[in-house]
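Shared between the two complexes below is subunit A, which has subunit B as its partner in the first and subunit C in the second.
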Partner chain A sequence: MPDADAASLMADIEREVRERRRAGQIDDEYERELDRIFDAVAPPGAVGSGLGAALMRAERAAVIDPVGPVASRIPGVALLRRALRKLMAFYVEHVVRQVTAFGVMVVRAMRLLGERVDAVEARSPVTDPRLVNLALPVASDFDVAPWFDLVVKTLAPVSGRVLHAECGNGALLVALHDAGIDAYGIDPRPDAAAFADERRVEVRNAAVIDHLRAVPAGALGGMVVSGCAERLATGDIVELVDRAARVLAPGAPLVVLSRDPKGDLDPIAADLAPGRPLHPPTWAFLLARRGFELIETRTSDKRAPASYAVAGVRAGS
Partner chain B sequence: MKLGFVLPRYGIEIHGGAESAARMLAERLAVSDGWSAEVFTSCAVDSQTWADELPPGTFDVNGVTVHRFVSQPKDVATFHARSIELFGAPSTVTEADARAWIDLQGPVCPDVVDAAAASDCALVTFHPYLYWPTVYGVPRLAERAVLHPATHDEPPIFFPPYRQVFESPSGLVFWSDEERDLAQRRFPNITTRPQLVLGIGVEAEPGHAAAARARIGVGDRPYVLCLGKVTEMKGTAALARFFARYKELHPGPLTLVFAGPVADVPPEGLRDVLVAGPVDEETKWGLLRGATALISPSAYESLSLVVLEAWAAGIPVLVNGLCEPTRGHCVRSGGGLWYDGFASFDAALARLAGDSRLAAHLAAAGRRYVDAFYRWPVVLERYVRFLERVHERNQRVAVT
Partner chain C sequence: MTRVDQLLPRLAGRDAVGAHTLAVQDALRATGIESDVFAAEWDADVAGRVRTFDEYSDYSDADDAWLMYHASVGSHVGGWFAERTVRKLVDYHNVTPHEFFDAWAPEISGLLVSGRHQLEDLAPLARAGLADSHFNELDMRTAGFAPTAVVPIMVDVRRSVGVVDEQLLDGLGATKRGADWVFVGRVAPNKAQHELIKAFALYRHSFDPGARLWVVGGESSALYRAALDRFVTDLDLANAVVLTGSVSDAELGAYYEAADMFVCVSRHEGFCVPVLEAMAHSVPVVALASTAVPETVGDAAALVPENAPLHEVAAAVWRVASDAPTRRALIEAGHRRVEHFSVERSSQVLLDAISTILGRNA
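So, the complex of A and B:
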């Protein structure tokens, strides 16, 4: 058996289903009846495993049954309903034919659109699902230990939880915890959680921007960004700063730790990541643009690889 | 450290997912160095009626101290009628109507909450989010409370009182990433709270395939297995019909076996569908080992222990693709396929039943996934560390 993951096996199954349907090998009416039974116990609004599955469900829903139920516990009502149904059948069926045709056409148009979006996504390293889902190893992160003192000093006076995104092996979280700072980390890479367990710190398996989207405004007392700071696409970096400005409480500090783009880059990230490390003034510009104050940049030529920290404070303290 | 468990029902007689998982955690914690466990629960066995079937008092259940209290009788008919009324537009339900519904749902058992509050447990865990003891217990014990919500995408999650249930504990424990995402979407304020995606430990138990086959009368026919409560809400009726149609298209000896308590009998006269009813653990494991695949037809699972057990037993799975947690297991592990309707069910089952190399490949991937994340020593270690962190954090907050 070749190394086939579940998602590609399912894509293969979806293709097979489409081909069988095109070839008329599926009894549409009988299948629709079965699928109605299946849908009846589905969570409201459930769309399944992706666009293909959602379109399949939309296609099923587009086919409207013109024969309404007539049963009733009230004597005579069922008979009345049956008579009404018969009288109105010519009109209802006329409307249903048009609505069904419209629904089916919309779903087919969306399917074509979906295929084009897939093709466009596959041509950009920022959106290509084959690259997006490729987790770079935690071991490729640069060592942030030389910056521990600065980060702890910056965050020590905060109240509220501190987020480290992406926290990699969790070493900085341990330093924050030892300094009495209530911190947790997020990292989308599966190996990060294992490191975190060993170090007894709280780490969630999540992508940085997805997590920040879920955090309520002003909920965080401080934030440290590393790892993703040098790998995210530029647009995502801009969104990250925007979202950080929203989720940090007034007066809360944000510290960005990154390799210097003029120094040695991590070879794996340089080859595969959608983004590259920014220059320190770029971070300072982005932070100032979103209203951060007291922005400071520190570089450390003596540390290898060359790295820097940019810190700012959320306005409004 | 002493850990409390508050549940609507508890005991070896109880087969519900959240209750079984809590019991497994409690029994293992009770024998861990430096830990003890104490349970506060009702005298009920049946979650439909909460009738006081077990005696009240304090008992030892597999090494765990269990305190059982009587609860108020449940008006089942009124509860069902009110559920139908409220579930149509759950986000418009008022606080008062929701609380009245929660009272109807039960088990109304104030003594459970009082006893947990009066206990010397350092932390008290509540399982699951839905029932009366959790709704009234979590806000009361807030800083000592850890919620295991077992969140489902279901109408009551939109009822106003559940916001306080999710937002007031000092920690949350989820069965899967998908459950966590669902809870965070509904209650964003929990996003920064201490939390853990734990899962549950799985240990394969003895059970021979041949003996299990003989016990349920499936003979030497190949079979796919649906394990757990047989009820329409779990998708078993749809599965039975799907399978019957599959057999029309793919004649052969393959049989569908339902093993578990039967609430809704599958439609009669369907081809090659065998309803075995409830089975003991040994038979269950024997059936798992002898099956071609396990099918999980439910769209409402927050973890699905049986999927993990199937992988531990060495078989692949086929799950309802509308259930994010079980589909997520398959995506992450590569141990199974999923279906979103009959056509994909037909294609996926034909592959599992007809390609033994593919089935073995999926089963091996599933087993690796269970070994990495769902073995008891791994799960318990992570749970204990989380509880220690929450407790330590509580103490720090108390000091500051």
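So, the complex of A and C:
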């Protein structure tokens, strides 16, 4: 099978999966159910991350059992091992007591450190878990429909998959699919999955930067950023642009859609999100700094709230 | 006379690094280069081909002597190697990122961390580095090795073709109700057997309720294995998914013979010998394009993008199972791929690399 055939086989399979999804034959809820079932049997820390879970395991591991197993299938060996264990017990237990004390104290110190980190995190809206866990509902996203034509026109000529982050209610994904563009979305909010299932579009439950970390370099044919564009903290936005530049193929477009901070902002997002919408020139600056070319800005105040699009093309085409 | 001896922590004839070490010895000796294998431990079946590493000092002062260390997880043998004055080569077989094991087997994580540090420590001491794949070569360069060369791992994947446990094969055939998947490799978090089981469950759910999955291989983490067992039970798939544990060559032959496809969703591989083994057994391969897997399978597998949803793995398997021309094309391409990585061809690559290194250091 020559290279071209292997590539066309996979392109064919990907097309088939898209068609099955549009026909409602892909059961994403079942895949999420599989994830939940495995997560339930995995040990603390295996899925996701958690300092508390890791410390609990460290604490257990810190308590060393000085009584080694002596069983053996070879005649006489068990007896010999038992005798050795008894002879060595005074020495082994002495060492084990010290090592266990050291381990327990290290874990205790880590716990104290963890408490101080928690206190520091709680003083920043970007890291405060009480705010981080307060996912803004998809319904609070601004309406990107006025930008459909521009986005479709920009992405129509691309080859390769297009990512929409965060895709919210999936309306833009439907418009992209209708235009024959192979697009998928990501959104970390739990209610986005229900919208995706209803609209029969492919949506993964993930945060944008986490997802981009896992995408191979040059793997995407295009990318649209909305929603998170106005909620992320400034440092995260810089990282988002860096990672987008890595995962986009040369010549691939990036389109950022956002509310204009000069217009009326959504009061809930404005009060609770760690970040604020950027002004259009700031996005243009970040894209240019990361090597994007042909950067264009369009603003629209036809519909409230006022919004804008900044588009650039990954250098190297 | 030039001698290139080899050193590794443990020599096991049945594992890939062990088989590679013995093939390297054969290739070197065939061209007149003296080569002995030294190890700290070994399996009984290779006892005649290995000496304890303490005996190596006999050669360490010779002008024309080289010592090649097979690096993977951390070992005291690596530390011992670093202290020798002989000219050094490192043949790198990959270290799995420890994050895969942190929650499942912290004791293995420690070995992996130490293996990574050991690789970095050896970089300035070695005259050159060899790597199984370009993926591994990148690791070596990042660690500071220069120059480096890629020499594919030398394992005769055709050796067990035709070696079949007939009773097991008959049993598997008699109970067949749909497509049979096989994956071969240690039960380890980086091999992502849990993702494989998810992909398999999706496949049964969408395409083929009679499908079965055989997960063949011994375990690296008892906790991970136990979680897989519970996962299979909770999914009510105990009648469809079998975790076989370690098997004999004949049993392995039976699983390959009975399988309709080899499915690999491993998240980290330095080479991935089992995909070639499957191809040698005329089993078509569906694999995730992760780490070194794409360069090993070349154009001879249905290669699903690494970030694709598992539905796509299931769809790819369905295509291979249900479309005879695709299946045939993959099997034929697989045979060509096996030839590409034949021990004979890779021996020549090795000898060219060694000759360049020796010439450069003459």
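What we mean here is this: the second predicted complex is superposed on the first by the 228 of 317 C-alpha atoms of A that agree within 3 Å, B and C clash if a C-alpha of one lies under 4 Å from a C-alpha of the other, contacts with A are read in each partner's own complex, and residues count from 1 in each chain.
Keep in mind that, in the parts below, contacts are C-beta pairs under 8 Å (C-beta built on N, C-alpha and C of every residue); 3 or more make two chains touch, one makes a residue touch a chain.
From a predicted model like this one, the values you see are computed outputs, not experimental measurements.
Of the two partner chains placed around the shared chain by superposition, subunit C is the only one that A:A61 touches, whereas subunit B remains out of contact. Within the superposed three-chain model, A:D197 lies in touch with subunit B and out of touch with subunit C [touch as defined at top]. With both structures placed on the common chain, the touch criterion links A:Y30 to subunit B and to subunit C.
In the superposition on chain A, A:A122 contacts neither subunit B nor subunit C. Touch criterion met: A:A42 reaches subunit B and subunit C at once.
Of the two partner chains placed around the shared chain by superposition, subunit B is the only one that A:D182 touches, whereas subunit C remains out of contact. In the superposition on chain A, contact of A:L134 is made with neither subunit B nor subunit C. Shared-chain residue A:V215: touches subunit B and subunit C both.
Of the two partner chains placed by the overlay, neither subunit B nor subunit C lies in contact with A:V95.
Judged by the document's definition of touching, subunit A residues 1, 5-6, 9-10, 13-14, 16-17, 20-21, 26, 30-31, 34-35, 37-38, 40-44, 46, 57, 202, 204, 214-216, 219 lie at the interface with subunit B and also at the interface with subunit C. Chain contact summary for the complex, subunit A toward subunit B: residues 1, 4-7, 9-10, 13-14, 16-17, 20-21, 26, 30-31, 34-35, 37-38, 40-44, 46-49, 53, 56-57, 60, 161, 163, 180, 182, 184, 197, 200-202, 204-205, 211, 214-216, 219-220. Chain contact summary for the complex, subunit A toward subunit C: residues 1-3, 5-6, 9-10, 12-14, 16-17, 20-21, 25-28, 30-31, 34-35, 37-38, 40-46, 54, 57, 61, 202, 204, 214-216, 219.
Considering their complex, residues 102-104, 106, 189, 194, 197-198, 201-202, 205-206, 223, 227, 230-231, 234-235, 289, 299-312, 315-316, 319, 326, 329-330, 332-333 of subunit C touch subunit A.
Of all residues in subunit B, those touching subunit A in their complex are 152-154, 177, 180, 184-185, 188-189, 191-192, 194-197, 232-235, 237-238, 241-242, 245, 299-300, 321-322, 327, 330-331, 333-338, 340-344, 347-348, 351, 357-358, 360-362, 381-382, 385-386, 388-389, 393, 396.
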